[in-house]
Amino acid sequence: MLIDRPDSNLSRPSRAILLFSCPDVKGIVAEVSHFIFTYNGNILRSNQHSDPETGTFFMRVEWDISEFTLPESKISRAFEPIAEKFSMDYRIEFSSRTSRIAIFVSKLDHCLYDLLLRNKEGEIPGEIVLIVGNHPDLKPVADYFHIPFHHVPVTPETRKDAEGRELELLSKAKVDLVVLARYMQILSPSFLEAYRNRVINIHHSFLPAFVGAKPYHQAFERGVKIIGATSHYVTEDLDQGPIIEQDVVRVTHQDSVADMIQKGKNLERLVLSRAVKLHLEHKILVFGNKTIVFE
Amino acid sequence: MLIDRPDSNLSRPSRAILLFSCPDVKGIVAEVSHFIFTYNGNILRSNQHSDPETGTFFMRVEWDISEFTLPESKISRAFEPIAEKFSMDYRIEFSSRTSRIAIFVSKLDHCLYDLLLRNKEGEIPGEIVLIVGNHPDLKPVADYFHIPFHHVPVTPETRKDAEGRELELLSKAKVDLVVLARYMQILSPSFLEAYRNRVINIHHSFLPAFVGAKPYHQAFERGVKIIGATSHYVTEDLDQGPIIEQDVVRVTHQDSVADMIQKGKNLERLVLSRAVKLHLEHKILVFGNKTIVFE
Amino acid sequence: MLIDRPDSNLSRPSRAILLFSCPDVKGIVAEVSHFIFTYNGNILRSNQHSDPETGTFFMRVEWDISEFTLPESKISRAFEPIAEKFSMDYRIEFSSRTSRIAIFVSKLDHCLYDLLLRNKEGEIPGEIVLIVGNHPDLKPVADYFHIPFHHVPVTPETRKDAEGRELELLSKAKVDLVVLARYMQILSPSFLEAYRNRVINIHHSFLPAFVGAKPYHQAFERGVKIIGATSHYVTEDLDQGPIIEQDVVRVTHQDSVADMIQKGKNLERLVLSRAVKLHLEHKILVFGNKTIVFE
Amino acid sequence: MLIDRPDSNLSRPSRAILLFSCPDVKGIVAEVSHFIFTYNGNILRSNQHSDPETGTFFMRVEWDISEFTLPESKISRAFEPIAEKFSMDYRIEFSSRTSRIAIFVSKLDHCLYDLLLRNKEGEIPGEIVLIVGNHPDLKPVADYFHIPFHHVPVTPETRKDAEGRELELLSKAKVDLVVLARYMQILSPSFLEAYRNRVINIHHSFLPAFVGAKPYHQAFERGVKIIGATSHYVTEDLDQGPIIEQDVVRVTHQDSVADMIQKGKNLERLVLSRAVKLHLEHKILVFGNKTIVFE
């Protein structure tokens, strides 16, 4: 009987997820699906994309491995010959493995609460293992959700040491993904190098409009009729990384900057949570400065 | 200097808000605005609406009373002659008076958290003075926000007593507005009579589609491409009260009932919070089975 | 060099599109993709869906046949063994074959213009070969676009003869799809039997709300805050057929029925055109009373 | 009895519309509404806005003048003392006066058709008296709608003469509003001076993102997940004029530039038509580089 709440993830079968890109030639899908069939897997979902400009093929395929005749630990090696044949850049993820998430915050709590609550409800998978604040203000929130909080203050002089401290925390906690939930600090290239395509930020504008500081003030000055929020992977170039998700909301001449900030909070929450969810469900491939999002 | 967060409500001037409906004749706006000017008020916002079918005029006017030459306590009496002249059904609200809110819950926490967090941030005005649960599950949430929680179990046999208990709690706490945040119980006509147009519910469908139980299951069965949520004042007729606010989100054939429930949660949160905010900002006039919402 | 207008369809390769449903077992994707690879086809797009309740698998796969080693006329026969093996309900479409479209109208022209203009621009593929009106009013529009117009009046007494006339016109013109562009007549079961899942209607409400006549009046009476439009395949049950596409727009207390009608026209246009486009691109599978739309 | 189509504008009463801005002081609404009441007008709609930064007050008031005791020709003079008292920048419009519209086009027809069809249906008021094309391609469209078409070619060398020709055409036809319906030419400062706040353009991006040429290509390159369109008054600064209306639509990695162009067409149509309608209903006040839109 259907009941009026979400299925538990526990009831879903064990799954493997293969993501790859490679030069676009004939026979890729046939070979990949044959591989899965050979070892008694059942394809649950499959998506492809071709980029005609560069002749690149992208694929994500998710299959039930509950009756797979290969153990998880041997799947990658068995797939290797196909990957080589087609010169694939690939990775294989398993639903049995729980992603480990760190959230970086400053003083604003709306995105933090949103992530914590959605994670608690099972909407966002993974385990939030760490919250880092450059201010101590949000420690009580972390406490309420029983998550370790670390106060790592950052000043121009101490930035390097602070990042060292942060990298150590991330490493010890075996963190897979860093979410900047309105964290107001810029990360150094070496930090980003260590977490390439694994740091997600929320920018409070509809990029590429209003890059940089105080985007709502910029939007107010320009007199736009719609404001937005953008979630993206962080790169060395401020607000220029691959965009994962965007959304917008209407404003009018009646909306002050304060009103825009309030309306924007809803957007920031939604857009960041969607982006984090997509990442943790292994639905994103980064290609150059763009994302391919297999929804 | 503008800073990147909302103005505190404290910095806004004291305001009076006049809401009324009356037969539509010439001169109403002139007389009302003259009244405000006479006592040295400054109109901040004014909205009108005419219903041609019934010949009814509706108005909301909000003015700065920081230099008003009448004290708040004497404004209503001074306005009385105008109200009589035009046969107005009216009320006057003051920004200095904080609305007192009770939230009724069952086991689902997403709408409760949303209301509490928006209230804490100042987006939803008023004071949440009471949370009533027919189950004890959400007491820890109430505790975290330092709000009294009362567990009032309801069974078919005890419904009458339970409502008596609830009415007593509301009365003692001088509650102005009752918000049903996914409270799964039906309220009796006598309860509703006591809080006419002061009980707001969230129904998890795009009314009038999918009245009653399990609307997401109904939506799934019908194969709709969009699902919705509706916030309305509660009346004796189930899901038939005056609609305050609605919103929708796209679904596809890929969405299971569980997915719809998850997508719907976002809608329920947003739609209920908007409706509660509009009510507490005294922007709603109820007319027959409809609302006039002066945004 | 990229130029600022759409690629011509002529420059796109010849494609075959296979659509099927069958019991969900392992190996289907492997076999289908192997079939395509064997004859030197290149998969351009592929979508799957599983219905867990009925254990049914659905797939749409589109491949480049410009270097296919089987001629179009022999593909279906070559595929037959696979279809039998998996008990598929399938069809194969070819981009080389132009769909033939009839539009039925009454007096309102907004949907008709929209379809004609999008077809002219190449957004909606196929050839509009016939316009049938139960009133003569829109003949000048047909003339302007050089499309044959037939006036087939319908009265309760002549309905049967009129439908006979219409079926003859459709048959002679080898029509694949009938679009009811605000055609105000009900079609008989025998007509619908002849064009099962090939008659698309636009209903001017967000179904299942406001079935039947005058939905905008119904919406106005109920005081909804959002109105909608729904495009669906026509079945014997009025406004109950499988939904293809829906969209909505906000209304307020300021909107009269006339305003809703005007706002609704935009919706009707957009929603009907999207549904027709999806059908003509062979992206829809009908399953029971629902659609699977592979976008 | 209500019928299922829009009320004719003819059945609506004669109306005057007063629009003004002035320093924000007490008593403005009282004086204006008293003026209207004195001469037996009935206020149908009234909107105000205050800009706290500059201390400016804005108002639009629309009233029924069918029983007004002043003839239209004398209203402005009678209002003059009030305008002086409050240092108003004001204008008075009358529903009895039909606005005269010119549309400038190049080769793309989608916005032109949209404006013509909505005007024909009465959704966009006013009379389209003139179509000017720098190419002759759209003459047949003008012919079909029985509107004079003038081919005025523009080259860098002939720009000045061409604009002279255009200004002459506009002047002869007593044009109030010039709509650039994907007209691909830049207008000179002297042309714009003559039609200050009376030239409306549609830019095919979500301004201020993607100013200038080929915005869909820019959007594609940046990998945005949403594209937009912006309608604005034209000023000397390219794509920098006061924004009237904007809207957006989702795109994905699957959308080529050609797909974006097609999706964008819908936006361009809708956004331009809404902006033109708002202008012709006298609902827009321009203030600095922003618009106040009284909807």
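Order as written gives the chain letters A, B, C and D; numbering starts at 1 within each chain.
We take it that a residue touches a chain if its C-beta (ideal position, glycine included) is under 8 Å from a C-beta of that chain, and two chains touch if they have at least 3 such contacts.
Since the structure is predicted, the reported quantities are computational estimates derived from the model, not experimental observations.
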| item | value |
| --- | --- |
| Both-way neighbours, i.e. chains that touch chain C and touch chain B | A, D |
| B-D or A-D, whichever has more C-beta pairs in contact | A-D |
| Furthest chain, CA centroid comparison against chain A | D |
| Centre distance in Å when chain B and chain D are each reduced to the mean of their C-alpha atoms | 36 |
| Approximate Å spacing (C-alpha centroids) for the pair chain A, chain D | 42 |
| Touching two or more other chains - residue numbers and ranges from chain B | 256 |
| Chain contact topology (line, ring, star, complete or other) | complete |
| Partner chain D, residues of chain B touching it in the complex | 24, 26-30, 33-34, 36-37, 40-48, 50 |
| Residue numbers on chain B that touch chain C, as the complex places them | 49, 52, 206-210, 222-226, 228, 242-248, 252-254, 256, 289-293, 295 |
| Chain B partner contacts - residues on chain A that touch it in the complex | 2, 4-7, 110, 113, 117, 121, 123, 144, 213-214, 216-217, 256-259, 261-262, 265-266, 270 |
